[in-house]
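The following pair of complexes shares a single chain, subunit A, combined with subunit B in the former and subunit C in the latter.
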Partner chain A sequence: MRKIRPWPLTLTLYSLLFFCFIYLPLVVVIVFSFNSNVLDMASWESFTFDWYLGLFGLREVAPSQGTSAIYVESTDQLLNALKNSLIVATFTTIISTTIGTATAIAMARHRFRLRGTYQGVMMLPMMMPDIVLGIGLLIFFITLGFKLSLLTIIIGHCTFLSSYVFIVVQARMAGLDPALEEASADLGANEWVTFRKVLLPQLMPGVVGGAMLAFIISMDDLVITYFIAGTDSTTLPMFIFSMIRRGVKPEINAIATLLILASLIIAGAGLYLRSRRVE
Partner chain B sequence: MQPILQIRDARRTYATPEGGTVNALDGVNLDVGANEFVTLLGPSGCGKTTLLRAIAGFEELDGGAIHLEGADMRGIPAFRRPVNTVFQSYALFSHMSVARNVAYSLEVAGVGKSERMQRAGEMLDLVGLSGMGARKPSQLSGGQRQRVALARSLIARPRILLLDEPLSALDRQLRQQMQVELKNLQDEVGVSFVFVTHDQEEALTMSDRIVVMKAGQIEQIGSPREIYRRPATRFVADFIGETNMVAVALTGDGKATTDGGLVLAVPSDSGTGRATAILRPSDLSLTAADCAPNGAIPGTIRQEIYLGSELHFLIDVGGSIWRVTARDDGRDYHTGMRVALTYDPANVHLMPEAV
Partner chain C sequence: MRRQRLFLLGLLSPVTLYLGVFFFGPLAIIAVFSVLEPGLYGGVEWNFYHWNYGRIFGWADGVVEWYEPVYLKILFRSMLMAAFTVIACLILVYPVTFWVSRLPQRAQLFFMFLITLPFFTSLIIRLYAWLVILKPSGLINDVLLGIGLIETPLDMLFTRFAVVLGMVYVMIPFMFLPVYSSVERLDRTLIEASGDLGARGWQTFLKVILPQTLPGIAGGSVLVFIPSVGNFIIPDVLGGAKGLMIGNLVEQQFLDARNWPFGAALSMVIMAVVLTVMLIYATKIVRAGQRIGEV
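Here is the complex of A and B:
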């Protein structure tokens, strides 16, 4: 008699369903970014690259009857939003990675008064609801007379992304043998040389991981950015959001697909770097 | 001869989490000579590692002084001290090749790359790792990593090499092999070694002198033979090998009487008064009770432990248990048998009762 084992089968089914639940929406977005049906995105007409070409102004998308089919009013606007996002994400990543890493090292290697409080304060921005952080930052900037611009977005992002980097690097730091730094000092290296030749290379997977996280979250943030962006500093998520408010249009799918692709490339590069380091 | 390392009245106090304090070093005095192999031996928490770290410069002393080649080390950071350390965890830099690990101190000192690599190669030859320079530490076995750590700390030609329980992570066989190699290496490079361990066998095997520590203080300093044969305190006698200790009253004529009324023969110059007599299990011999010579200690075998080349016995002598080690000479001993213990009075070590 064959043994029936219902549980492994159920588990497999459950896992499949779970992955569908997570990834099906993304697959739908990708598939329909190639759908030529202008009127009804949900029904498949034929394969096209039009939306991608239209995004970059390479192809004029003719308005069909009854709709205003040029959804991306200006390619310049889109590219400008992308540029803004990249500027914000790059500076935010550099600054918050530096602050987060330095704090993680200081917290792990030095004993000082109010250390516990400091730890809590570093974690707080992560727990804080985005909307509260956004309002708080807005009031802060207005009170101090800051003109809302890319700079205010960068400052705002750094306030909470430093915490993310701190958490990631701190985890790496906790697993590090303190004897490594002692060995370096023992062999004649002062603190700076020890940092450069031993500590930083050992922390690098954590630092790179934290930096990637900061970059992706900064690129992606809408709520906080929305509060502290000036009129001339629209970021990509803000741009997409304003497009959506006027209806979900096919170009959105194309933008989303490109963003997924970019995320995969960054994540892939991170994994590759990490695997090269670990031997 | 001027000692290389002088430690005078070293003191270090830690605060415990409960709010109390503990004296990790409580007035330690120690000299280490050139080319000497000194072992700091004691149970965990005795202060041996704190002392080593204070010499290396990882810990500041609260009081006292450490002089290296006559120079006061107070306020001198670890990276300026002419000593190097082999860590218990080896602390190899996993992101560097073996050769770069070994040459690290040269790299930091600004020595050119070709000379660095050449000297790293020589050091690797010395510790028996020729041709492994290109590997990563993760590709080596535990014993090989140990040798890399040794090579790395010896390449800068320190005046003193500090070793913090470096063999504890190795299995027994490898550990015994490394004990011999370490001692040979020390003879070869002519560097003073200060070696920390809690393993008395390791200490006896390698050391020129052993420093037995307890609760932040030095109990005894002496050669392995002195420490084993003439322990200064009960603690030392207990910590180094197995012992039989019995409280006696010396009668001044080469005799001592135990509280149980047993009369022991002791060295004739022992004086009078209360004392603790120490007899190592290997200094006692077992004979059958009926052919016992005069002055033998009568007893009954309680337990017999067979260890191949040796036999260990627990003997009931008037209510207290004595340990005896004997070679397996094929004679039949069994539990409950009446026996007699014989010994050479010269091997009885006496120490003042209070300690």
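Here is the complex of A and C:
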């Protein structure tokens, strides 16, 4: 084996720049959340914690601007939106993990006529543009007389998140040895016992991974939620979206920073655990 | 044997019922609505009405509905912007995948982790960050003005450029992961053989490296193109009036114009574009990839 020529230095530099580019926007938001400039958040004035304090109602911010009411009001709305998002994500995760896992097991352990069709159909909800699914669900719910609420959001999220869970669990299934389940059956265990005692414990990392993915995507979904949320079921991404649309308030940087940190910690921990398991 | 069948039925019926009702139901109802007559006050009349498509494709003659070329124009523009996004993603990502693929195992895992991590932070916040960076008083203009490269702030926000930039930024992981997985599997002996047989660097690249990574490139392109072409959040936040895409038109029909049948017809068009791309991918490109794999 001949020694491979090392990459030119320019490639290394370019790659490092590329990774800076990926993180630049996140860094900008975090830095500017400490900017005291009320009128124009994008130009730096001086360091302040005010937006964070204002967010939790600990400090009345900038009453001279005549906008102090905004902060108190939006903190309640913010917490309410966060609560809605957590409710939706929790139920969505439970339902879509159940459906996705059951389907993945069926596909891996059983031979049946429509297997290829099911495999293809499971890809469809992920590939369907969000907006098509969103308006489809909207017309569907309205035509059938559903009242738009948190429930309709949960139903909508599960249609595409079941497929995400399916993919993750299926990948895990592929690495399992069916001989263990056969042995269990040979030793007299019925399907249910084999499932509970042999298959499920081995499958768990995949199920947890799929559930985490479903939770994160559900927390973050905006497009589908946007169409099928009722007036009193604003979720966190919708709240931020409408804040941006109405004209940006300085405190949004603080909200964004907290959210970035929360998701980086959760996702970081998840990905780290997974990579550890691979080693 | 009978118990087995029962177990299979138990495993498959949740997904069958769920997708049957809540996925295929909505798709079917879009198709039905797209050929219904819009009611006067935002409702719908249950009559067959092909003028929704006539407005888009040109046979509405001005008696019942008008043909409006702007819809086709925006459709093509959306496809073009999605294509630009694909190409820009690929150019940005391709060299980096080669760099990462030769790092030690641990470092590879670390950089893969860095690529996927932003994907888990809120989409709307990442877009908002670009709003802050691109606006006239934003970071880029501050820097450019500061070093004296420009004298008046550039108008970058609310342009098509801003929309494509935002889409590229959001879609990078979808391009990176498939391309990386095919670059990682490159057969190094073939590259060496090509060099030994006298091929120049660019010949080796065109004849050996590129064909081997084509499956990854094609897969990534489909994964980037499809969410881009129907997107409406990114053009909404970064595009303004100049950066409108077909997804924004659909949204307007539902929330402002309240012409649901026409909005349904527009989204049928988006769906047709997406299904065509998937079909081309499934028949042509996957097969071509298999052929290359056999060699």
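Basically, the second predicted complex is superposed on the first by the 247 of 279 C-alpha atoms of A that agree within 3 Å, B and C clash if a C-alpha of one lies under 4 Å from a C-alpha of the other, contacts with A are read in each partner's own complex, and residues count from 1 in each chain.
Everything below uses one rule, namely that a contact is a pair of C-beta atoms (placed from the backbone, for glycine too) under 8 Å apart; a residue touches a chain by one contact, two chains touch by 3 or more.
Nothing here was measured: the structure is a model prediction, and the numbers come from that model.
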Clash or fit (per the criteria above) of subunit B with subunit C on subunit A: fit
Partner chain(s) touched by A:Asn190 [first = subunit B, second = subunit C, both, neither]: both
Which of subunit B and subunit C A:Val132 touches, first, second, both or neither: second
First, second, both or neither for A:Ile240, with subunit B first and subunit C second: second
Partner touching more residues of subunit A, whether subunit B or subunit C: C
First (subunit B), second (subunit C), both or neither touched by A:Trp7: second
Which of subunit B and subunit C A:Val198 touches, first, second, both or neither: first
Vertex subunit A; arms to subunit B and subunit C (CA centroids, nearest 10 degrees): 90
Smallest separation of CA atoms, subunit C relative to subunit B, angstrom: 8
On subunit A, the residue positions that both subunit B and subunit C contact, one per complex: 190
Touching residues (chain side subunit C, partner subunit A) in the complex: 3-4, 7-8, 10-12, 14-15, 18-19, 22-23, 25-27, 29-30, 33, 92-93, 95-96, 98-100, 102, 109, 111, 113-118, 120-126, 128-133, 135, 137-139, 142, 169, 172, 188, 192, 226-227, 229-233, 236-237, 247, 250-251, 254, 260, 263-264, 267, 270-271, 274, 278
Residue ranges of subunit A in contact with subunit C within the complex: 2, 4, 7, 11-12, 14-15, 18-19, 22-26, 28-29, 32, 40-43, 98-100, 102-103, 105-106, 110, 112, 118, 121-122, 124-125, 127-133, 135-140, 143, 155-156, 158-159, 162, 166, 190-191, 216, 219-220, 222-223, 227, 236-237, 240-241, 244-245, 248, 252, 256, 259-260, 263-264, 266-268, 271-272, 275, 278
Contact set on subunit B toward subunit A in their complex: 56-58, 77-80, 83-85, 87-89, 91-95, 104-105, 107-109, 136, 138-139, 152-153, 156
Footprint of subunit B on subunit A - complex, ascending: 177, 179-180, 182-190, 193, 197-198, 201-202, 204, 277, 279
